[in-house]
Amino acid sequence: MNRDTQKALSTKVGRRSFLKMAGIAGAFGATSMVSAAGVTRAATEEEVKNPFPGSKSVKTVCTACSVGCGIIAEVQNGVWVRQEVAQDHPVSLGGHCCKGADMIDMVRSEVRLKHPMVKEGGKWKRISWDTAYERISSKLKSIREKEGPDATIFLGSAKMGTEQAYYFRKFAAMYGTNNIDHQARI
Amino acid sequence: MKKLIAYLLGTALVRAGEQISNKVPLAMSDGGASRGENPLASSQMLQNILQYKDGFGEQFVHFQTEWFQPLFMYIGIGVLVVFLLHYLIIGPKRFSHEGRKFYIFSLFMRIIHWIAAIGFVLIVPTGFMMVFGDALGGGALVRNARYLHSIGTVLFAISLVPMFLAWFIPMLPTLDDIKWLFIAGGYLSKKKREIPAGKFNAGQKMWFWLAMLGGLVMIATGALMYFQTVDVNQLLQYVGITADKDQIEYLRLSAIVHNFLGMAIAALFITHVYMAVFAIKGALDSMISGNKSEDELKHLHSSYYKKLIKQEEKSSQ
Amino acid sequence: MSEYARMKFYCDDERCIECNGCSVACDEAHELPVGISRRKVITLNEGIFGKEFSTSVACMHCTDAPCEQVCPVDCFYIREDGIVLHDKNTCIGCGYCLYACPFGAPQFPKDGAFGTRGVMDKCTMCAGGPEETNSAKERELYGQNRIAEGKVPMCAAMCSTKALVVGDEQEVSKVYRERVASRGKGVQSAPYGWSTAYKN
Amino acid sequence: MTNHLGDIQNAKAIIIFGANPAVNHPVGFGHFLKAKERNNAQIIVVDPRMTKTAAKADLYAQIRPGTDIPFMYGMLHLIFKNGWHKKEFIKDRVFGMDEVMKEAEKWTPEKTADVTGVSKELIIQITTAYAKATPGTLIWAMGLTQHTIGSSNTRLAPIVQLALGNMGEEGGGTNILRGHDNVQGATDMCCLSHTLPGYYGLSKGSWGYFAKSWGVDFDWLKGRFQDEKMMSTKGYTLAKWYSGVLAGKPGEDKIHGTPLKALFVMGNGITSISQQAKVKEALDNLELIVLADPFVNEAAILTDKQDDVFILPAATQFETSGSVTATNRSAQWRSKVVDPMYESKTDHEIMFDLAKKLGFYDEYVKGMLMKENKKEFTFPEDATDEIARIIKTIGLTGWTAERLKKHQENWHMFDEVSLRGFGPMKGEYYGLPWPCWTEGHSGSPVLYDIHRPVKEGGMGFRNRFGLEHDGVDLLAGKGSAPAHSANKDGYAEITAKNIEEVLGITLTADEKAKIGKNWKVDTSNIIAEKCMEAGIAPYGNAKARAKVWTFPDPIPMHREPLHSPRPDLVKEYPTYADKPNHYRTDTKYASVQNEKDWSKEFPINLITGRLVNLNGAGMENRASKYLAKLTPDMFCDIHPDLAYEHGIRNGRMMWIHSPEGTKIKVKAKFSYSVGSDRVFIPFHFAGVFQGKDLSDRYPEGTAPYSTGESANTVTNYGYDIITQIPETKGGLCRIEKA
């Protein structure tokens, strides 16, 4: 079968741009755009450059492990639309393992908890934050009064930010107990 | 499933099977193939890259790019041209449809035949559509043709077993067939004479055996290409055959076989249609009503006719 | 032709650690259905010291791509930079490209009519497809078009150990030669899989 | 981690004990591979399992679980015998090495081979390769710590490095790979039951310092506690909190303190800690369970408790901002990507709201307002500054929110290998690895490095345990001070009293009035500033202790795991005596080990570990379809030979039984990565308990894409003698076909 590649190229590829790219080992080579003549309307600069017009890039750090790989998050209208590559990060050089590559999915996961819940009589029941706070604090208060502050244990997290971890420790201190721990213990 | 097969095949094969599944695959991080998932995603993929030239891959590419489309074209056009010429030069055979009728095909058989026929009517043209998909521009048209191709196959597959069981005895070769072949069934002459043939002539037998056995192969290869990830090694293991070719090789082989065999079947299918509809006027009627006229039977299936008459005489005595 | 770069993939099996970063980065970037992995990481001889190695496999965007040759509906097209793409509107999902492919790259989701096999999906080297560049339609059918944005394909950009390299043939060869030389372990003529993909 | 990931590229040899960076820290492992390419560094892996890391190694020793100490002593034996140790370094900078030498003499290659199961030749080969290539870096992770002798393991590894003079060197050091993204930060902030933030102890003095720094009255704070004694008593730990609930039940460990009634968990996968059956029982017996997580904490699924189980949707770290400390002590600023999704709230918001309800909100947040006497605070920036203001012990003074943000904005201005900054970031190291003594300090990329001045990250070892012990000087030897130091020798930690003498300066009266008692509580930061000028490390310059005289084993000693496959060695290397009141609970050692010969009934070593696509208890990753599809089922790596003995087939189900009588049902996966005397299971699964599928218990629409048995249902009893870290890497089990 003869294939008219040339024909395919001129009709299908005509309006896109080619570039000489050196996407190699972290080097984000300069891209020289060599564009071919268009058959239909040429894509505007904005369309070609940014599929999410008006989005902003936010620098942040992966939450999977302690390597601390950089992440650039593209946010459009308050929605995290794309996880970009932090190719210039000094430790990760844009690299990610599968967990890191999937951070955006963790945030957007469909199975996230969506509202506070309580188990009552073995059934999960949706409650408001106010109700949750009210019920938790009154229960904590009564346990604290009856059994003392040491009848409660606080298990914090190595997934918190440093400030949050500090405030978690402080929370236990002001609650009045040293029953506090987190994953560094394992 | 395995238990059932074990029961059917006896324990020896099962023991063989056990040895196979206890055999340690060298590469176990295979994307789940060892857990009975997609065998196409197995670690064998890597070896396949290196062994590409040794396997059917290059041959498939060669056949598909150089052979299949032209061959189908020659066959399609060739057969049609031959029959057109035959029709114009020699012309159709005409038999008297007056007079006595013989009830040849039972209702059940006719139904079976027409199921198969509808199947073929779906399969063959859609097959051609896929082969010449580029000329048709691909897309939804050819994609739907592909789906119809599968649906046709289901119809054909339904008819296959009853048809085989009902007809395979009269379809067995006889001496008449050699004679029939020598005179090419008498189709090359305008003369009306008695052609040596039983209930089915040698041409019909060829078609029958090709459609049945070839059809089986077509169904198997087609189904494999359709389902793609049905683990062939596993299937072979169930019937006691140890094989360790990679899935993709089976697929490639299937594609090659399916195309070549498809050409033969397509050719004979067209022939069959031509014979039934154009070459022998009124032949179609026997598959509709079940009756064949005495004239036709006497000439085209002379041995069978004689046998029928003899039986008649016997029963009337 | 020479005016343009010739884009190639190279996976360094001395560096690949089967972290699946490339594979998930790809799944995620193009929001692929779960049944599809445009890129797979494969490990051989797992657990055997000195013999185990891993590598990442996807469409290599071959020279004279066999998939393009065998396609019965001619849905493939090859860009001047060597990227092999296809038109999903033309594809009929027959599977011939898979049989022709040495790398097992073409994938078939179960999203056709009546839950049957749908049209083919494969690595686009993040270059989208024939739809309008960066249009919603293009993204839906083929995923991101990072090449048009001047960005590195996702898998290589996110490779954790920089085992997977993509780019102009010259550049990739340079990286390859540098690594082979610095390891001081004999010189292989070309990266793994290249002789099959690029006939050189 | 004394050095940092990029610095590993400077190593000439890399030895990895009980860590699997190729799986757990893939991006970090890239630097290892580069060391191999650039430096021709040999990678040596000592691990019970042929891991993905070992696949890239030049030498690999398949060690018997729990025998790292014998292996390291075996190495030390050869090092000392061949004179490969750095004698000057040991003399000037190490205390107690002579006793280590004495112990090492016993560990001949033959002896070591017998105990560890590694051939004599390989031990010699590995030691030679490692000792001769300097600098060499030593890596470890959970494979070394999760043992009854975990703390001894983590002491002997640095001793090996000290003997070879690899500490304080670029390309050397002991590099411990932390697990979660902010284990380092959360640990520095001491969400721990035995310390206060910055590793300040629980003494009255520390509490006093914090009360003052938080702007609260000490007596008020004391009043929050049961009494002053409990204020200074270590609490229950994550590892053994269940004992606090189950106290008093027959057969349970006794407790010394109030029994637990309520559990408040924030972002902690407690389905991934050992003794799951006990954890479940404890959960069932609590009065209140509060679980705050972005996903369902599977503790809620595990428990049979029918009432008062609260699950609160917490925001992920991408829905808030703040700093996070990487494994190399570098802080990075996370900017907020999106607002909390759905109804979720950030962790701190939940804490603040609860503090309001519990009536201590004003005291709680006051620390953020103190620096500039503000009326309102901004979280987290003001919290970052609060931490910088208070935490001196590890030198967080320089970690102001402003500096950390600047580092993030300019992360492209740092070198990969040295972390050194360029341009606007000149004179600073990326993330200001602590100690970062002052607001102008560069950060310290390599700990204990005396080749550079203190203000550029140099320092000796900390003076923490007095000036002498048993008549031996604990301060560093002559000439072993950091470069450009006013004091060339060892010196004590800096206090208001000795500052003038050690630094050779005179303070003004004003300074004297402002200065704190010592460098740890000097909120005026005069001590640190003066020290920088004089090139003095505020914490002193002392010897590293190879011998810790207060520990049960002053120098690290081998002790067999509680459940050992070698009864003969149990007699020779018995474990500790049972320890009463260990973090409020009695903890069993000898009584378990001597109960019976466990190896008869449970002949197979059980090892657990991580998978690349999951982390921790795995909930957040199993909630991603792309990650879940990589390992859809819980499985067990088993050698085909072992499987064959038990009639287990590849891909079929099998049972694993623990000595505690618990069991799990998992899929067998044939693998050569484990020998035929051990099996490996990953610990990221939950949602199935002892063969029973619990997936119907997830609230609607929250079930992850894959569930499975928790490995920690069958990990054995056993806890570290110092830290109470559970022994999950050295247990026994029995397997059978399911």
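Order of writing sets the chain letters: A, B, C and D. Residues in each chain are counted from 1.
As a convention for this text, a residue touches a chain if its C-beta (ideal position, glycine included) is under 8 Å from a C-beta of that chain, and two chains touch if they have at least 3 such contacts.
As the structure is a computational prediction, the values presented were derived from the model and not from experiment.
Undergrad: Could you see whether C-D or A-C has the larger number of C-beta contact pairs?
TA: Most C-beta pairs in contact, of the two: A-C.
Undergrad: For subunit D, which other chain has the most distant CA centre?
TA: Computed centres place B farthest from subunit D.
Undergrad: Taking each chain's centre as the mean position of its Cα atoms, how many Å separate subunit C from subunit D?
TA: 39
Undergrad: Using the average of all C-alpha atoms in each chain as its centre, how far is it in Å between subunit A and subunit C?
TA: 26
Undergrad: Report the inter-centroid distance (CA atoms only) between subunit A and subunit B in whole Å.
TA: Averaging C-alpha atoms per chain gives centres 56 Å apart.
Undergrad: Report, in whole Å, the distance between the mean C-alpha point of subunit B and the mean C-alpha point of subunit D.
TA: Inter-chain centre distance comes to 69 Å.
Undergrad: What positions in subunit C touch 2 or more of the other chains?
TA: If we look for residues of subunit C contacting two or more partner chains, we find 18-21, 23-24, 28, 46-47, 69, 74, 87, 160-162.
Undergrad: Find every residue in subunit B that makes contact with two or more other chains and list them.
TA: 28, 64-65, 69, 134, in rising order.
Undergrad: Going through subunit A residue by residue, note those that touch at least 2 other chains and give them in order.
TA: Within subunit A, residues 1, 92-93, 95-100, 102, 105 contact more than one other chain.
Undergrad: Once bound in the complex, which stretches of subunit A touch subunit D?
TA: The contact residues of subunit A facing subunit D are 58-70, 73, 75, 78-80, 86, 88-93, 95-100, 102-103, 105-122, 124, 129, 132-137, 139-141, 143, 147-186.
Undergrad: What residues of subunit D sit close enough to touch subunit C in their complex?
TA: 22-23, 26-27, 29-30, 33, 36-38, 40, 50, 52-57, 60, 612-613, 625-627, 629-630, 637, 671-674
Undergrad: Write out the stretch or stretches of subunit C touching subunit B in their complex.
TA: 18, 37, 40, 42-47, 55, 57, 66, 69-75, 87, 89-96, 98-104, 108, 112-114, 116-117, 119, 193, 196
Undergrad: Quick check: in the complex, which residue numbers of subunit B touch subunit C?
TA: 26-31, 40-41, 43, 45-46, 48-50, 52, 56-57, 60-61, 64-65, 69, 130-134, 136-139, 142-147, 150, 225-226, 228, 248, 251-252, 255
Undergrad: How about subunit C: which of its residues touch subunit D in the complex?
TA: My answer: residues 14-15, 17-21, 23-24, 27-28, 34, 46-49, 52-54, 160-162, 179, 182-184.
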